Amino acid sequence: MQTSSDKPHVPGPSLWPAGLAVGVIVMLVGIVVAWSLVVIGAVVAIVFAALWVRDVLRGSHITEAPEVEPERRVAAPPAAETAPAAVAGGAERYPRSVFLEVSTLGLGAAIGGLITLPAIGFALGPSLLNQAVPEADLGPVTNFPEGDFIATTFTSNPPEGIVSRRTAFVRYNGLLEQLPSYTIISNHCAHLGCPVQPNGPSVGKSHTWRTVTFQQYDPSGFGCPCHGGQYDIEGNRVAGPPVRALDRYSFNVKNGHLYVGVPFSVAKVVGTGADAQIHKVTYAFPGEHVSGAESWLYPIQPPHDN
Amino acid sequence: MAGRQTTTYERITYPVDWLEERSGLVGGLRYFLYRKVPGDTNWFQTLGSATLTAFLSQAITGTILAMYYKPGPATAYPSILHITNDLWGGWLVRGMHKWGASVFIILMFLHMGRVFLFGAYKYPRELNWIIGCLLLTLGLAEGFTGYLLPWDQTAFWATTVGINLNGTAPFLGPFIAQFLQGGTYINPDTLPRFYAIHMLVLPALIFSLIGLHLYLVVRLGVSSPPWSKEAAGTGPLVPASQNGHSPGLKAGATDA
Amino acid sequence: MPSDRVAERRKVFKQYKADVAERGKPFFPYAMVEDSVMSLVTVGVIIALAVIWKWTTPGDHTGIGPDGTTLNQSGWLGKLIDDPADPGTISFVPRPDWYFYFLFYLLRIFKWPNTVILGTVGIPTILLILLIALPFYDQRAERRPLYRPVAMVAAVLTMISMGVLTWKGATAKEALGSELIGDVPSWAKSEGFENNPAAIAGAKLFAVSGCLNCHTYNGAGNSNLGAPDLTSIGASNQGAEFFATYVSDPRKFGNEVMPVFGKANGGELTDGQLAQLGAFLNASRGKNASSGDK
């Protein structure tokens, strides 16, 4: 080995150590996985180690460590001017620094988008999708004598628990063209959603069927305790700030049981009982006009029942 | 290394100097503490820092409450009862948080009134006034979102009305209401949503804006009470004939 | 000229900075001590309120009865907790926190459906914009209160209206049937129909049928909707039968707003119940009146 001068010496570059490293790793993996791998790894490691040692002992690639200029601050080199010349094709209009700036911003935007868009979607999406409510069983139709209003408190979506308790004022109107007619009025005020109360004395005691509670009332209308809204017996607004009639529930009668489904909003109701004409619109939040000039303030509703 | 021994003073201040050399923070704190303010500042000008104290009280009591409060329709109410009646000191922390909210809002209004009275929203403090108004709005929003958390009747229905109030806004109203509620009606997702807004989103915004608010106060300086005889920025009273301004106006205008 | 004003402002601000540098005092300790005292007072007030809230609650100061249900009692500062949330209730009267009472009362003022949006988002948004934009439409450099009449008048008006709205929001009362029925004995006493069983029965019907959602009677009820106060309606000497007929069908008397109560006309009250109501209204001749049987 020619190690005569004062300058530091380094072994020449060589790939044999890579093979040694691979062999050692295979040995370690083999300890966990299989003994055959240990043997293979050992063989590989020894072979490459021998080759490496042979190289070093031969001293064939010993070189002198290269002189390195210490760093000095220099005035900004005209890199921007040389860069355009260096770009293949001489595209001086699009220097490399500008390209790098734009790509950094672009990549940043892409990363930002990849992170925040799914998060925003998660924040917004679930409140707009899958809003459908299953039908709720209100019990045998014998609970609803004809012509009487029964305040019925039920759980509209049992998996959600108590937070889905609702109260509807249910009145059986008899048959209309051989089909049972029910008036099922929601107790959420159409002004700002307060719980509406029946204006009239309660009749008898309340009773329950499973989780459904029934209490008969003799109302002459409905009133809201928050800001003084008043409704008539069909839910039309009579006085106060409510902007439309009370919402109603769609219903179904199956196997002698009454089921309520998706609620909908009502512009107004003409007539009463089984003959009432209900001007039905898609469900809107309380306080939103559904008819008249002011309804153009709320042209699009988010999905409510799908 | 040095040619002399370190003095006792230097031994004591060594940690401070160590921190200052590596961060520069100590110098910043010194600047904040020893900066000059007008000598005639009024007791009414303590309302701002009192508001900050009230907010910090809310932050601390809120953090402690968050360790025992369980958001969720079935667990929220029982956890509040547990905090109030079973845990040692729970009633005090919950009471401080509830009444601290009212005190915080009252102080914000009083502070705003004081700034208005002093005309301290005028040049160059307009930006600070705007930040203050935003803080007022955010503080009221904190009160609104926090009101739902006990999940009792008062909470539930006040929040129903509040959400529907937002829903009456034109065009976007229905979407805002549905986003706040997490659905068409208040559902099991509404409470955690309000909790996240109350605990994470709004405090982060409020802390950042308070930081900006304080930075501007330090940078722009505290104003003297406008009626003060030696108000900073004004010269001595000079009769109208001599100062070229309208009668009664002090020379050198009346800013700051 | 704008640039003159801008130059003037900058000059004055520079002078302010110079004045403070020359004559000012260090924030610590001179100003900070006042801040610290006020902050201590603030924390003291918060703690005091918390303590009073708890320890003035009657009983064992928990607001919960031995059977685990919420008690309806409150101390000096309101209930410790209310009943658990019940979305299906039909007897609860919602109220916001006290610092929102002014907005709450604003909603009661705008009771015409077409104006609802003004009360919910219109006016609050406009006021907030006016508040935020204040430094932009008040560009005068004058800061002394006595020389800013418009600002001072506006401030006083704002404070008075916020105070009045908040107070009216706090005292807005509701006509809950289940609560009003407890008032019937005191009505009977003050109006003098304690010995009139028909009037008492009518009073109970009156309390639960929602009449007080529109009318006021002896301080209870709602006067927001323009229906007359009935405390001394009987003094008009129209007779119990007149009142019974009116309530049975107000349309006959030109009243298009009041609901129709008589069963014969589509309502829910029987003739017997209507007669009791008529007796009650006829006996209502004002506070501390003598008993009127007819």
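By letter and in written order, the chains are A, B and C; residue numbering begins at 1 in each of them.
As a convention for this text, a residue touches a chain if its C-beta (ideal position, glycine included) is under 8 Å from a C-beta of that chain, and two chains touch if they have at least 3 such contacts.
These numbers were taken from a predicted model, which means no experiment stands behind them.
When every chain is represented by the mean of its C-alpha atoms, the one lying closest to the mean of all protein C-alpha atoms is B. This structure's chain pair with the greatest number of C-beta contacts is B-C.
Farthest chain from chain B (centres taken as the mean of C-alpha atoms): A.
One simple way to say how far apart two chains are is to compare their mean CA positions; for chain A and chain C this gives 39 Å.
Between the Cα centres of chain B and chain C there is a gap of 29 Å. Put simply, the C-alpha centre of chain A and that of chain B have 32 angstrom between them. The set of chain C residues that touch two or more partner chains comprises 84-87, 89, 92, 94, 107, 116-117, 120. Of all residues in chain B, those touching 2 or more other chains are 73, 157, 160-161, 165, 168, 170, 173, 185-186, listed in ascending order. Counting only residues that touch two or more partner chains, chain A has 162-164, 192, 194-195, 226, 287, 297.
The part of chain B that touches chain A in the complex is made up of residues 73-74, 157, 160-161, 163-165, 167-168, 170-171, 173-175, 177-179, 181-190. Residues 123-124, 126-128, 131, 157, 160-164, 192-195, 226, 283-288, 297-302, 304-305 of chain A touch chain B in their complex.
By the touch criterion stated above, chain C contacts chain B in their complex at residues 8-9, 11-13, 15-17, 19-21, 23-28, 30-32, 34-35, 37-39, 41-43, 45-47, 49-51, 53-54, 62-64, 70, 77, 80-87, 89, 92, 94-100, 107, 116-117, 120-121, 128, 131-132, 134-136, 138-148, 151, 155, 159.
Interface residues of chain A facing chain C in the complex, by the touch rule stated above, are 151, 153-154, 162-167, 187, 191-192, 194-202, 218-223, 225-228, 230, 232-233, 237-244, 272, 287, 289, 294, 297. Residues 84-94, 107-108, 110-114, 116-117, 119-120, 174-177, 205, 208-211, 213-214, 222, 224-225, 257, 259-261, 266-269 of chain C are the ones touching chain A in the complex.
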